[in-house]
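In what follows, structures are represented as structure tokens.
Same chain, two partners: chain A is paired with chain B first, then with chain C.
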Partner chain A sequence: MFWDPKIEKLSREKLEKLQLERLKKTLQYVFSRSPFYKKRFTEKKFRPSMVKSLDGLARVPFTYIDDLRKNYPYGLLAVDKSETVRLHTSSGTTGKPKAIFFTRDDIGRGADLIARCLVMTGVTKKDVLQNMMSYGLFTGGLVMHYGAEKVGALVIPAGIGNTDRQLMLMQDFGTTSIHITPSYALYIADVFEKKGLDPRKELKLKRAYMGAEPHSEETRRKIESAFGIDVYNSYGLSEMNGPGVAFECQYKDGMHLWEDHFIMEIIDPVTGRQLPPGQEGELVLTTLCRVGMPILRYRTKDITRIITAPCRCGRTHRRIARITGRSDDMFIIKGVNIFPQQIERVLMGIKGVARNYLIQLESYDELIVKVEIQKRSFDGSVDHMAGLKAEIEGKLRAELLVRPKIELHEPGSLPVSEGKAKRVIDNRKL
Partner chain B sequence: MKTVRQLSIFAENKVGKIETLTKVFADNKINILAFNITSMGDFGVIKFVLDKPEEASKLLKKDGHAVSVKDILAIEMNDRPGGMYEVAKILGQNSVNIENAYVLVPKARDKALLLVEVTKINEALKALEGKI
Partner chain C sequence: MKVKQISLFLENKKGRLLEVLNTLGKEKINIRALSIADTSDFGILRLIVPDPDKAKAVLGKNNFTVKETDVIAVGVPDSPGGLALIIGALDKSGINVEYIYAFAEKKEKEAIVVIRTENIDEGIKVLKAAGIRILPAKEVYSL
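Let's turn to the complex of A and B:
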């Protein structure tokens, strides 16, 4: 199913021509309208006329997360404040948030991209979509909401938390689709289990859109089998509209990134150089259609790669692979780079391990992985528990090349968050 | 020869765990007949023989504990030298491995029951039948 078949199946040649056209226009536009880019271009001795082909994009200066913070709140705005109709912010761990402004047309375009995403995974106006993301300053709520309304689905703006009410809404209104974070989906699966209910029988659920947190293929499969549904991976960030930047199609093999709205590059996060297609590195995005607040060559810090092979679904927009980490949530133990997702991938593949875990960093060489055991696989045997511990240690060591210390914990004893789960606790004083 | 139900509970090695479990028993008037702890450092398994095992298991599961119920042997020991040897010999000859063992002293206090957790309980029962 296609929302906008003409653009979704546009030939690569035409798509790239369209990208270049829009890029040139955006460069001229921000140079004349955005105080931040006018200054940045001048400092870096860059002129929009220097870009004559898509390869020329590499000459455009990067925009960093810090640029958004330092120029908070209006520095990157390219229109008069009266033209903006919505503000979203993205929180940082330190200092000021990032302020993102939308004009009325920007909101319409964001909704259009969500509509493409939903329709390609089978949503129609007959569907009921329960949006279990936080409404408010976070984009996950409203941006998805507008897109789902555009498709004509019934949208339940449930927001996050209040799990009993979520379950009631799902049962009473026959929710077919949910938009949810992976940690909350796992939490809800646990709630069903505790109540002794089978969500596959209790709900009419067909699909879930999962975003906002990195997760592994194993986590996806766990959620798919717990609910008996299809889970589609979604990628977005507030700076680029929020959800809808890249989404999986029915084949669930990488996320189509809408290249008529964004140009993607993969770069080496250290040198800033573009990497050849297919290689893993930091994703850099440039908006092509934004009017209120265009952003050029934005350093997302998300680590992924471009899948260049054409997709069976017929869309020409290339896919990005699952995000394997953030260039800044990577940690180093005994000189080895480790991403939390590597640990999650291993844990979720081991039988007898529950869904909750915690990574604790104690010193330069001490990595503690706290794992909850699964209630129903406990058979009373101390030997089996010791074996489980050894299996976790062995498999993690093989993956990470560092020997972690494993702690087995009682079911339900590790902290669960109903929003973005905090999985890494760094107690090191470095 | 008879068997008794044993509850095994997974426990992190932390202060207050036994207190939490035994409070459930006390509050529900469940009597502890015997218990045993196997510690593996940061975690362990606590085993209880109780007068109301099914009820206790249900209550503990409701509270979120990992609980497993299993039948184990309860062997009346002869109170004389060689009593335990006889039991161990028979089980060994029948390739039944003893995984864990502890003792229950019934109310009368004149004899003791040896509680034995084995791999193959049916074979053990058959082997011991009429001999102990």
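Let's turn to the complex of A and C:
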């Protein structure tokens, strides 16, 4: 199903022509309207007229996360404050958050992108979508909400937490679709298991949209089988509207990034150079339609690659692969680069391992992985448990090339957060 | 002939064993025999209690990771070489002993030992044939 078949199936040629048109317009626009870009362009001796083709994008200066922080709150704004109708901020674990402003039309366009995403995975006005993301400053709640309303689905703005109420809402109103973080979905599956209930029988759920946290293919499969549903991967970031930037279609093989709204590039995070299509690197995004706060060549720090092969669904907008890490989540043990997602991928593929785990870094050569065992896999034998530990150690070593120290923990003993799970504890002192 | 033993998975955390003991104490469950197998980061606690089903339910409800396993309780002549006689009988028949531990108290002329063999039914058969006294579950729970 298509929400906007004309644009979703636009030929590559026309799509690229549209991108160039919009890029040129955006460059002129920010140069005359945004104090930040006026200054940045001038400093870097860049002029919008230097971009004559899409290849010319490489000449545009990057925008970094730090630019948003340093120019907080209004520095990147391209319209008068009175034109903005909504503010979102992105988590500021260190220092100031990033402030993102939306005009009324920006909100409408964001909702439109969400509508494309929902419709391509089968949502219709008959569906009931329970939005289990935090409402408030985080974009995951409201942006999804507006898009789902646009499709005409019944939206339950449940927000996050209060699990008993979530279950009641799902059961009483026949929720068919949920928007949820992977860690919260795993937590809810555990709650059902503890109550001795089978969510496949208790719920009318058909699908889940999972975003806001990186997760592995194994985690997707675990959640799909626990609930008996389809799980679609969703990619977004507050700086680029929030959810709806890239989304999986029914084939669940990479996320279509809406190229009429964004230009994507993959670069080498160290040199900043563009990488050939298909190669893994840092995703860089440029907004093409945003009016309130356009952002050019934004360094997302997310590591992925562009899937160049055309998709069976008929959409021409290219796909990005599952995010394999963040260039700043990466840690180094014994000189080897490691992403937490690599560890998760291995753990979720081992029988006898429960869903919760924790990575602890103690020194530059000591990696501790704490793993909860599955209650029903315990048979009272030391050999079996020692074997499980050895299997985890062996498989992780093969994946990471570093031998981790494995600790087995009782089910339910590691901390679970109902929001974004904190999986890495770094106790190293610089 | 088989005795039910409670096995608990214990992560290496300060006070975890005490939590098990307190849980049992609160429910007035008396421990008759115990052993701990420990590795560098986890342990397995094995218990013989008068009412294993109740103990399992109580521990499970308190979120402990519990499993019931079958073991054999045998009476060992309280004299030098007594235990060797029993292990010898199993050894001769090629039956491996996974672990063994003793009851704290003893009957008049015999000590009581808990044995877990690879194949419990075979173990019982061999011990019986060797004339070794196997304690019925009822007798063990009421010790």
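We take it that the second predicted complex is superposed on the first by the 430 of 430 C-alpha atoms of A that agree within 3 Å, B and C clash if a C-alpha of one lies under 4 Å from a C-alpha of the other, contacts with A are read in each partner's own complex, and residues count from 1 in each chain.
Here is the rule we use: a residue touches a chain if its C-beta (ideal position, glycine included) is under 8 Å from a C-beta of that chain, and two chains touch if they have at least 3 such contacts.
This is a predicted model, so every value here is computed, not measured.
Model built by superposing both complexes on chain A: chain B and chain C clash. Looking at the shared chain after the overlay, A:P411 reaches both chain B and chain C. In the superposed model, A:A398 lies in contact with neither chain B nor chain C.
Of the two partner chains placed by the overlay, chain B and chain C both lie in contact with A:F378.
Once chain A of one complex is fitted onto chain A of the other, the partner contacts of A:V270 are absent, as it touches neither chain B nor chain C. In the superposition on chain A, the residues of chain A contacted by chain B and by chain C overlap at 373, 375, 378-382, 385-386, 389, 407-413. If you check the complex, the residues on chain A that touch chain B are 194, 373-375, 378-383, 385-386, 389, 407-413. Interface residues of chain B facing chain A in the complex, by the touch rule stated above, are 6, 8, 10-12, 38, 40, 42-45, 47, 61, 64-70, 99-100.
Chain A meets chain C in the complex at residues 373, 375, 378-382, 385-386, 389, 406-413. By the touch criterion stated above, chain C contacts chain A in their complex at residues 5, 7, 9-13, 37, 39, 41-42, 44, 46, 63-69, 98.
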